[in-house]
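Shared between the two complexes below is subunit A, which has subunit B as its partner in the first and subunit C in the second.
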Partner chain A sequence: MSKPHAGVLEVAGLSIRYTSRTPAVLAVDDVSLTVAPGQCVGLVGESGSGKSTIGAAVQGLLTRETHVEADGTVRVDGVDLDVTAEAGWDGVRGHRVTTVFQDPMSSLDPTMTVGRMLTRVTGSKQESLRWLEAVEIRDPGTVLRAYPHQLSGGMRQRVMIALALARGPALLVADEPTTALDVSVQAQILRLLTRERERLGCGVLFITHDLGVARAMCDEVAVMRHGRLVERGPAATVFGAPAEPYTQRLVASRLTLSTDRQRPIGLPDPTVLTAMRETGAAPDDLEHRWERGDLHWSSFTRERTEVRGGHTLELAGVTKSFRTGGLFGAAHKTVLTGVDLRVARHQSVALVGESGSGKSTILRIVAGLETADAGDVYVDRTQGAGVQVVFQDAGASLTPWRTVGQLLAERLEDLPKKERDQRVRLALERVALDPALAGSRPGQLSGGQRQRVAIARAIVVPPALLLCDEPTSALDVSVACSVLNLLNLLRHELGLSILFVTHDLAAARIIADRVDVISDGTIVEQVPAASMSTDMTSEYGRRLLDAVLA
Partner chain B sequence: MLRFTVRRIASLIVVLFALLVLVFLISRYGGDPVRGYLGANASADAVAAMRTRLGLDQPIWVQFADYLSRLARLDLGTSLATRRPVAAELAQRIPATAELALWTVFFSVLIGILLARVYTLKSRFSGVLRLILFSAASAPAFLIATGGVLIFFVQLHWLPVSGRTGYGPSTGLSGMYVLDGLLTGNLPYAMDALRHLILPALAASLGPGVALARVLADGLSTSLRSAYARTARSLGETESAVLRRHGLRNAASPALSLLGVQVGMMLSSLVVVEQIFSWNGLGQFLVRAIGGADTATVATISLLLGAFYVVVNALVDIALAVVDPRVRLS
Partner chain C sequence: MPSWLRRGETLAVVMLSVVLVAALIGPLLSPYSSIIPSGAPHLPPLSAGHLFGTDELGLDIATRILEGTRTSLLTALVVTVIAAVAGMLIGTLAGFVGGVLDTVLMRVTDLFLALPATIVAMAVAAGLGTGLTSSMIAITVVWWPLYARLVRGEVRRTARALHVEAARMSGTRGTRLVLRHVLPSVLPTVAVTASLDIGGVIVTVAALSFVGLGAPAPAPELGLMASAGLQYVVNSWWIPVLPGLAVGLLSLLFNYAGDGLRAVLRGKGA
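For the complex of A and B:
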């Protein structure tokens, strides 16, 4: 069926419009790209760039949508297809082109066993077992009888890969396949995908917002913005010497273990520049100095009169277990065992660990959302107004019907109105939000703006301790970059003590003075962030380090 | 699954026992049974004698043990209203109410599924229908019942509106007339009983049915827009296979939970519906017992209705566990 030299995916002049709104939204604008057999092409871009729409279109997932119009041609494995009509997709979708989706939790039917799903595709139980072995699942017999919720995220994604590859497709669309996974699991899944691609010789369209992943996986990359392809070429060229300003900014925003910690990260960013100017401590030619790499965080450090020393946070022998189960057969699951953790005054500590390691439980205990079963929790409240938390999902942590101004003023209720307004203004300026936004509601803001509102609310009265729970992991790279810069600015300017919970070592290294690694409810090591990559010795820590893509 | 079922039944037994205790306490302290029997003007001696006869001078746990043992022997006392043994009264009325309740549940599910289908149609007609039905569902059962009587009996003379049959009590064993008619091969009898059933059952099932339809339609549209449905499509499943294999089962859980709750509401509307349609069931009996301050009978009927509700919800939970593995395995 496929012609020898043709690509398994040929897209030419593809434009896709969503007409449900007036004016129609042009999601994809005149995009052309080709994926050759055995080749991995990365489609890179931030949210709203149109990359996922292309992904859905080439799998024929837009044919049932009523408000979609398209121009241009799409050819999958030699078959010309209309992305808006069902005709012709039969036998192509699910056979010649298959997909690995982002979130393996919701992408597998919770009411069906893995075996039932897989055997529907493979045809026999033996084949299903063979495929589970192929995707490196250790106990395939058990997994075959298991339901998705009984498997870990990594296992579910392996099952998803087995489902997608079992019919031997010519083209595999990988739509953010590792975004919802822990870093060390991500590395395994990427290796598996590469190996299977080489074994089966299928072309891969790899959709991701993560430049590190794209660089590690792809032969060629296409960078998208606002529906257009802004740059394409071999991965090494695009990432090594990006030609377009947008690509340059994206590449500069990417964090690695060798990113300079002393200086703002990424390219000069108007948001962060504004906030820097507001501090009054900024040197004159701010933007140029940043560009030249001559701008150091230390220039924003305020003179502090109080004596150094002492701790803002002390945890000693903290233990926590949760009760699971109902009226009968209750069980206790131990989450933390004897955790000792100190955050010194003005110090920033990153707590690093995988899902289920107990890092979020520590944060919840410090925030007072949970109580420890045993051990001491001490917060030095003389340093500021208690403990404030910035959560991963800022959208969910902001009350939707209150305005930004009201949300910020919540913590200022005993002040006279005039002073309150001024403090709100100041807090918004510190995170470089236009004070005019005080009248908006969270729903009207972008993800990055919402996260900055959450930070502004936390610092409107400087807290003794700022807790951050993966504040950047749900954000686009460039937005995450500004949030990290803003946090760093606040840290130096206000001398905030920060406890930063994350699974991303590269981000931890930027924001923290010290990195604590937690595994199975115990802190296994504490190393200075500056020399993290050499000092980290625990097996678990090394594994996390290896998982960070260079 | 077995483990879940056993655990659910164990907790059901605990709840049933609590219900027993509660009903016992209400029957002892909810009113004075002696005054009920003897009237307000009885002499002190007579009251004392009656108290001894009824065992009310015994300690409370002895009374409770006595209550349990009489319950086990189905000795439920004498109804003040009819002066007949309560057990005999119940034996006659339980099948009547059971039959009505079963058909009500059946109609609710039928209306639910049919309407859910209408909801998913994208036409102006379905919007209008939705509005009408939504209003209908907001009306209490007695209003729908009265409206039904006016239209189908008074105006159209299509359906009977009083009693369970035009022929007389069934000769079958179950006491459920439609079933008895079918079992004895007496088809006209079954049809007649069914005609008598339609209006009361519909009156009680319209509200729950529409509610069920909304939840079912919501569930279906959510599960058809879900990520796993997208996965299924991307694996080449046809739209009808996606609906059949993934949509229905995932949409069933919230609908089942709702049905469990609705059964409770249905029971209370059946009490009213039985009055309107002169249905000689538990509801009517309950109303008479309340009117006659017959505390013991009221307590017994409450116990029955409560037990029915608790058992139905246990069954719903077990059904949920069958449908959704996360319930039984978590």
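For the complex of A and C:
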């Protein structure tokens, strides 16, 4: 069927238009790429770059869509196919090309056991068991009898991979397969995917927004932006010596454990530059200094008159459990057991831990959104206006029908109107937002702008303590990079105390002076951020370290 | 939604506007009074000078229907607005404050929800005498609990939203928090429910009049006209049927218009 030397996927001059809107949206613009058998090609880009549209097109998922037009050719395993017509896809979709999606929960049938799903593909229970072992599921017998909702996210993704690979596909499309998973699980899944690919010799089209993942996984990468292929080549070349300015910016935005903590990260970014100039402490040749690597955060640090020392936040022996219901008498689930945590004045502490470790509960208790069952929570309110939070989902934390100006002004109710407007303008300028945006509603802003509005609201009156709940994990790399830079700028300029909750050690290292690792509701270790990679000894800490892709 | 249905809703809104204008200014334009006979009794529809004919007393049916429509609309509007406002107040209190207050308010609401409109109307009529006011009171009493339940649920859901927590962190509390960050998300739902309910209230008002618990004769009230004219249905069908059709048409128009409003609000992401 397939000619020798032919790729399992050959895309030439592919353009895809969504015509439901006028003018039509050009989602993919003249893209060509090839995946050879056994090769892993990464399709990298930020949201809206068209990478997922290509992923859907080559799986034949656009054939039933109305309002889609396409030009160019797609050839899967030697078969020429039309991405907008159903003809020919039978026997290809789900057989020659299979998929691992980002969210396994929504792609696994909730009414079937894993065993039933898998046996439909493999044909026998023995084969199914063998596949579950192949994807490193420890207790395959039990998992075979389980329903998807009874498994953890990582397990579900393993099942998904087993289902996709058991078909013996020529091409596997992996669309952000690890984005929804904990970082420590991510590393295992990636290793698994690589091993199985090499064993089976199938081609992989790996779609991701995460450059680190692409670098770890792929032989070749294609960088996309606004539907176009910006740069394409061997992974080592594209990441090592990117040719295009856009790729250069993306690569520079990526954080590793050796990123310099003392300087702004990434390439000079107009947003951050504007905010820096607003401080009045910026040197004249700001942009050149940044480019030369000669711009240090310390030059923004204001002289502080008050005495050093003391703590902004002290938690002592904090315990918390939640009622989990139960028909007869309430069951309790203990989330925190005796947590001791201190944040010194002007200090920035990162709290890292996997989902369910209790890190978000600590944040909510400090914020006053939950109360502790036992233990002391002390916030030194003489240092500023209480506690403020920047949430992960900035969009959901801004009331949709209020304007940006109204949202910010709510923290300034006591002031006269004129002064209030002035303070709102200043706060928006601090995060490099056009003061004219004060009249917009959150829905009219981009994701990065919304996150900056949330930060502006938090600092419009500088708080004693700023809590950040994974403020960058929902953002594109370059946007995340500028948000981290802004936070660092504010930290140095205003001397904010920060508690930064995350599972990304590379980001934690940039923002924090100290990293606290939490596991099962207890803080297991506290290490200085600067020497984190050598000092960290706890099992979970090491696992997180390994998960940060070099 | 198929486009012909959307067109149907637009048509309903247009027709409703015509009916509203007619009900408001129609009685002023009509040459006849609604309670003084103006022609021979039992004139069929399309008789000279009487579009819908006359009733057993020689009253002009068209004039009486116009005036009856005006009464129906006003009654329904007042009842719905009072019920919605009262329900919102109680539902918001229960949903936002929660705890014991929630339990008490919701049990009281359940109590009222269990009352049948007719029985309440009889009780009110026994106390205050029959009349439009009595039936309005009776309907309001049984109508507000629906809004209280609806609003309580919506408020509870919204109060848990991240943007409300964030507003709380900004120092906004109490009434201000509710008015600015919670209620605006409840309003569209209440508006849609209310616009769909007006039709139901119109029918209920007419039904109470029909069984003699509403305005006394010879008031131009649609339900009463239908009920009083029922004995002539064999020989002069138009006397009871036309007012009955008017009730049906009004309620149908409000239903369609309410659907249209819902579609519009949903389109806006509400």
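In the analysis below, the second predicted complex is superposed on the first by the 547 of 550 C-alpha atoms of A that agree within 3 Å, B and C clash if a C-alpha of one lies under 4 Å from a C-alpha of the other, contacts with A are read in each partner's own complex, and residues count from 1 in each chain.
In this section, a contact is a pair of C-beta atoms (placed from the backbone, for glycine too) under 8 Å apart; a residue touches a chain by one contact, two chains touch by 3 or more.
Here the structure is a predicted model, which means the values were calculated and not measured.
> Which holds for A:95: it touches subunit B only (first), subunit C only (second), both, or neither?
first
> I'd like to know which partner A:147 touches here: subunit B for first, subunit C for second, both or neither.
A:147 sits against subunit B, while subunit C stays out of touch.
> A:387 contacts which: subunit B (first), subunit C (second), both, neither?
second
> Looking at A:170 after the superposition, I want to know if it touches subunit B, subunit C, both of them or none. Which is it: first, second, both, neither?
neither
> Under the stated touch criterion, name the partner, subunit B or subunit C, that contacts more residues in subunit A.
B
> Please work out whether A:108 is in contact with subunit B alone, subunit C alone, both, or neither, and reply first, second, both or neither.
first
> Quick check on the superposed pair: does A:339 touch subunit B, subunit C, both, or neither? Answer first, second, both or neither.
Touch partners of A:339: none, neither subunit B nor subunit C.
> With both complexes superposed on chain A, which partner does A:62 reach: first (subunit B), second (subunit C), both or neither?
In the superposition, A:62 contacts neither subunit B nor subunit C.
> Quick check on my understanding: which residues of subunit A belong to both its subunit B contact set and its subunit C contact set?
Residues common to the subunit A contacts of subunit C and of subunit B do not exist here, since the sets are disjoint.
> Could you list, by residue number, the parts of subunit B that touch subunit A in their complex?
Listed in rising order, the residues are 7, 10-11, 14, 226-228, 230-237, 239, 245-246, 249-250, 323-326, 329-330.
> State the interface residues of subunit A toward subunit C in the complex, per the touch definition above.
Touch residues, subunit A against subunit C: 367-369, 386-389, 391, 393, 396-402, 406-407, 410-411, 413, 443, 454, 457.
> Quick check on the complex: what are the subunit A residues that touch subunit B?
59, 61, 64, 90-91, 93-95, 98-99, 101, 103, 106-113, 120-121, 147, 149-150, 160, 163-164, 167, 326-329
> Flag every residue of subunit C that touches subunit A in the complex, lowest number first.
Residues 161-172, 180-181, 184-185, 269 of subunit C touch subunit A in their complex.
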